[in-house]
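You will see two complexes here that share chain A, one where it goes with chain B and one where it goes with chain C.
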Partner chain A sequence: MNIIAILSMAILGALFALGLAFAHKTLKVDQDERVEKVDDLLPGADCGACGYAGCEAMAKAIVEGKIKPTKCPVADEETYEKIADLMDISLQEAAGENVAVVLCRGGKEEAKSAGEYKGIETCEAANLVGTGGKVCSYGCLGFGDCVDVCDFEAIRMNENRLPEVIEENCTACGACVEACPRDLIEIHPVERSLFVWCKSHDDGATARQACEVACIACTLCAKLCDGVEMEDDLAVVNHEKTDTCDPGVEKCPTDAIAYK
Partner chain B sequence: MQLLSRLATFPGGTHPPEYKHQTASKKSTRIPLPEKLFLSLQQHTGAAAKPLVGKGDEVLRGQMIAEAESNISASLHAPASGTVNKIGKHPLPDGTTGDCIIIEVDQDNEDEKFYSPFQKIDSISSEQIYRRVREAGVVGLGGGAFPSHVKLSPPEETNIDTVILNGCECESFLTSDHRTMLERPKAVVNGLRLIMKAVGAEQGIIGVEDNKPDAVEELDDSLPESENLTVQAVEDKYPQGVENMLIYALTGRKMGASLLPADVGCVVNNVSTAAAISDAVLRGKPLIERIITVAGPAVKSAANYTVPIGTPFEHLFEHCGLIDETKLILDGGAMMGTSQSDLSVPTVKATGGIVALNQQHVNERQEHPCIRCARCVSKCPQKLVPTRLARLVKARRYDEAKDLHVQNCLECGVCSYVCPSNIPLVHWLRVGKEKVCP
Partner chain C sequence: MELFLIFLAATLVNNFVLTYFLGICPFLNVSDRLDSSFSLGMATTFVMTMTAAVSWLINNFLLIPYNFHYLEYVSFILVIASLVQLVEMFIHKVSPPLYEALGIFLPLITTNCAILGMALFASMRDYTFIETLVYGFGAGVGFTLAISIMAGIRERLQLADVPWPFRGAPITLLIAGILALAFMGFAGLLAV
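After this line comes the complex of A and B, so read on.
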């Protein structure tokens, strides 16, 4: 009697085990095994300071290349190195990250005001009313929608009413890029430093009237370097090509093209 | 019975002060031409027109200078003879900077190049009306600037029985439509008959707000003996001139938010548009000028001017004068006008008036929290819940705003106007619309 009970239990157990083994083989979600390893290396504090739900989520994001290991404020240099090794990248690459860049330097000092703006104080709302306060219809509106949407306190308004990116905090999540109604924010590798800090397509004379630091389409930089191209009265940097030549930023009459 | 009958209107709406007395009795006059005219290639709904002239070309008054390449677009004609100075960017009244054909006006050249006029309405085919209106670049002059020929060829499956002319002019300060009805009633009526012919409608109604009894009378006198053509006074209430409000008031037909006037058998045009259509067909004159009201407490001598399209605002103010304490200049009336920061902007086809206000007339009262009085809700002609929508948009909850139909907002400004807490509701709704249907 006992025997039957034991046997049937054993058979049942074996059947379930088989089922489990089968499920493990066929229903397994393929997870990059590096996720687990990175997770092991991370401090395991699950503090969420990186912006992810916990260390495991952060590990997954690291492996997917969405965030750099250095974004973990708890881990130390050694850990960063170990993770970089595991990911088979150099620590420079691991640290070399993308950050947001705000491509307008016409603050309240430099850009001419078009009159008093009395509407709702968000960029989105100001953008719907004429030129939104400044003469330039391309430039920063200065109400900080980008600041509002940033979850990492990585962007703040300075005294000149221009947003400033705090690169250490920036995770390149792109929320500010989305929020800016003037499309002034771009995500670039942190080491990239040459930019045209203006997005105005106004012709030279109009742009000069509107703002002291506007690109006035004089084409000097474009003539000096293949990596700068003129697009509809605005110089645009082609970052693939600027390694080979020097656009002579010191010659730019308005400092519109400059290093970061 | 007579005692009980009330003037036709729509539910909701409000009645802001009209301020029309300043110009309502001022006959439209002409002023000397400006030195330069700035003709935006994009002054209508739809695709920009393609320039047909280049720098240095001589143009004649009435000559086509830019052509509509697609159906929803409108051609442009030189409003005065002269030389093309350049084609370049220039600030526009909507706050953008856009491509303009800039004409240096030759003050002495009186030559014109109009189309050949048709003689009799009865002998013109609907196809001919359509083609002429299209080549003459006529657009809706009530503010929408929708190409008129498109309205003249409604989709096959619709059955238009009624043409409505909108003579409400419910915006404060503006009297340009009023003047058109008084000074050119025949042109308005002919325009109505031409539109009816083009769309094959049997009935024509001109709806005029009852604050303009003189216009009702003038038009009545100009109507041919026919039961199918009527002038009807509607209640003087804002925004009575919106298509669906007017259709409801005059025919009782309800237009859902997603419907077009054609879906309820109607075509609605502004009275000034009708006059322009009549000019195009019966005089061969393209849309090159219109009546514009320049008024407001900051204007020294308010007036109605017949001005060529593309006249800089500053040129108009040179003639009527602005007081030094001018606070706000609007393209359009006080409810829906857009504020201007640069007076070199030119008038466009849809500019019916320019209003200049002083400090006293600009509301700078402080915003307070919503007190849930629901005035905005009861007055919204579109039956929206502005207070809720504004809160959703503020919280960036755009999906919910969409579910509550933020996209149906007319931007009429009634909600902001009636709100005792001075909440800029219509501005929030505009942000929401922009997010939900850019």
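After this line comes the complex of A and C, so read on.
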């Protein structure tokens, strides 16, 4: 009796296995063959520590260039090299990381309030109806749309209601860049540290009244260094040129230009 | 008429999610967007109907004749797991965006206890083949109904000003409770 029970289950299982094997052949999805190869190289633990649902999802993201192979905490150096070889990128490139940078430092302490915003609590909605409670119409709205879209817990709101990038977690996927209705977030190589932490194109007097840390378009940094250019009342760092000169960040009257 | 009553009972009166509290995990987790929850509901309905059919065959031609009642769980889980694999491959082939949207919850249909529950209830009640099929389909429709209602409410809730301690899971659980209460109203519809 028990033999029959065991046999029947075994046969049943084999039948289903055959059916699935057949379905696997006929329903095979054509995808970039590198995905499968990268997937084979990854540890296959499906632990999710990279922020994706599993190794297959991460393999796909690697092939699409959304994440670096080195973001897999389980794999070792050898695996990184193999994946980098397969993807035809050097390991330096594989390890060279980009991170998101939030270019506004006017939190609720620095930026002047224009009143209380009581609408739908997302940046997108607040941006539609005006300045979302701050006088400055270029700065961070502080409702954390960028925090909501981040799949990697790499950005959080601090007490000053400004988003803070947690660089170890950031994969430079660019989701927050797209989410920010005011285009305050940019992706930069991690070693870059000089930025103008303001996106306000207001003229000096208006900017100074709106926020303590705004760029007031005094042009001091631009005069000291060729790597900083003035664009419509805003200093903009040209990262290719700043190696050669010093913009004198300590002279900036509002600390709008500063090192990270 | 008998078949219609079985269908109605499985869909409304003994709704698997809101009356038996089976399949709560996808009900709470995939119900934030109407279109993807509806699709998950459809996939679950398909798996349920197929499971009902295959498990009835196994039950009546293998388990009952040889008196293998104790193998019910094992064989039904085998059926469900295989079918879910099949559905997963099928959806991956036919609709990659849906595959992405359902993500991990697609393979997790395997562990949706509503499906195993349905197969066990059906064998317990000695339904005929057609009755089992209708019962499985009805259970799936009931699941789709529940998860779609939930998703519809949660879509609207995104615009509501929910007090912060209730945001996220707490408000979802509250709604689930109220929905379950509402579905208790169907209990008077027919006596099953």
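As a working rule, the second predicted complex is superposed on the first by the 182 of 260 C-alpha atoms of A that agree within 3 Å, B and C clash if a C-alpha of one lies under 4 Å from a C-alpha of the other, contacts with A are read in each partner's own complex, and residues count from 1 in each chain.
One rule holds for everything that comes next: a contact is a pair of C-beta atoms (placed from the backbone, for glycine too) under 8 Å apart; a residue touches a chain by one contact, two chains touch by 3 or more.
Bear in mind the structure is a predicted one, so any value in this text is a computation, not a measurement.
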item: First, second, both or neither for A:V135, with chain B first and chain C second; value: first
item: Partner chain in contact with A:S8 - chain B first, chain C second, else both or neither; value: second
item: Partner chain(s) touched by A:N98 [first = chain B, second = chain C, both, neither]; value: neither
item: Partner chain in contact with A:I120 - chain B first, chain C second, else both or neither; value: both
item: Touching partner for A:T206 - first (chain B), second (chain C), both, neither; value: first
item: Chain B versus chain C as contact partner of A:T171, first or second or both or neither; value: neither
item: Doubly contacted chain A residues - partners chain C and chain B; value: 120
item: Contacting residues of chain B [partner chain A, same complex]; value: 88-89, 94-97, 338-342, 364, 424, 427-428, 430-431, 434-435
item: In the complex, chain A residues that touch chain C; value: 1, 4-5, 8-9, 12-13, 16-17, 19-20, 23-24, 27-29, 53-54, 120-121
item: Complex interface listing, chain C residues touching chain A; value: 58, 62, 66, 68, 71, 74-75, 78-79, 82, 85-86, 89-90, 92-93, 96, 103-104, 159, 161
item: Contacting residues of chain A [partner chain B, same complex]; value: 114-115, 118-120, 122, 124-125, 128-132, 135, 137, 202-203, 206
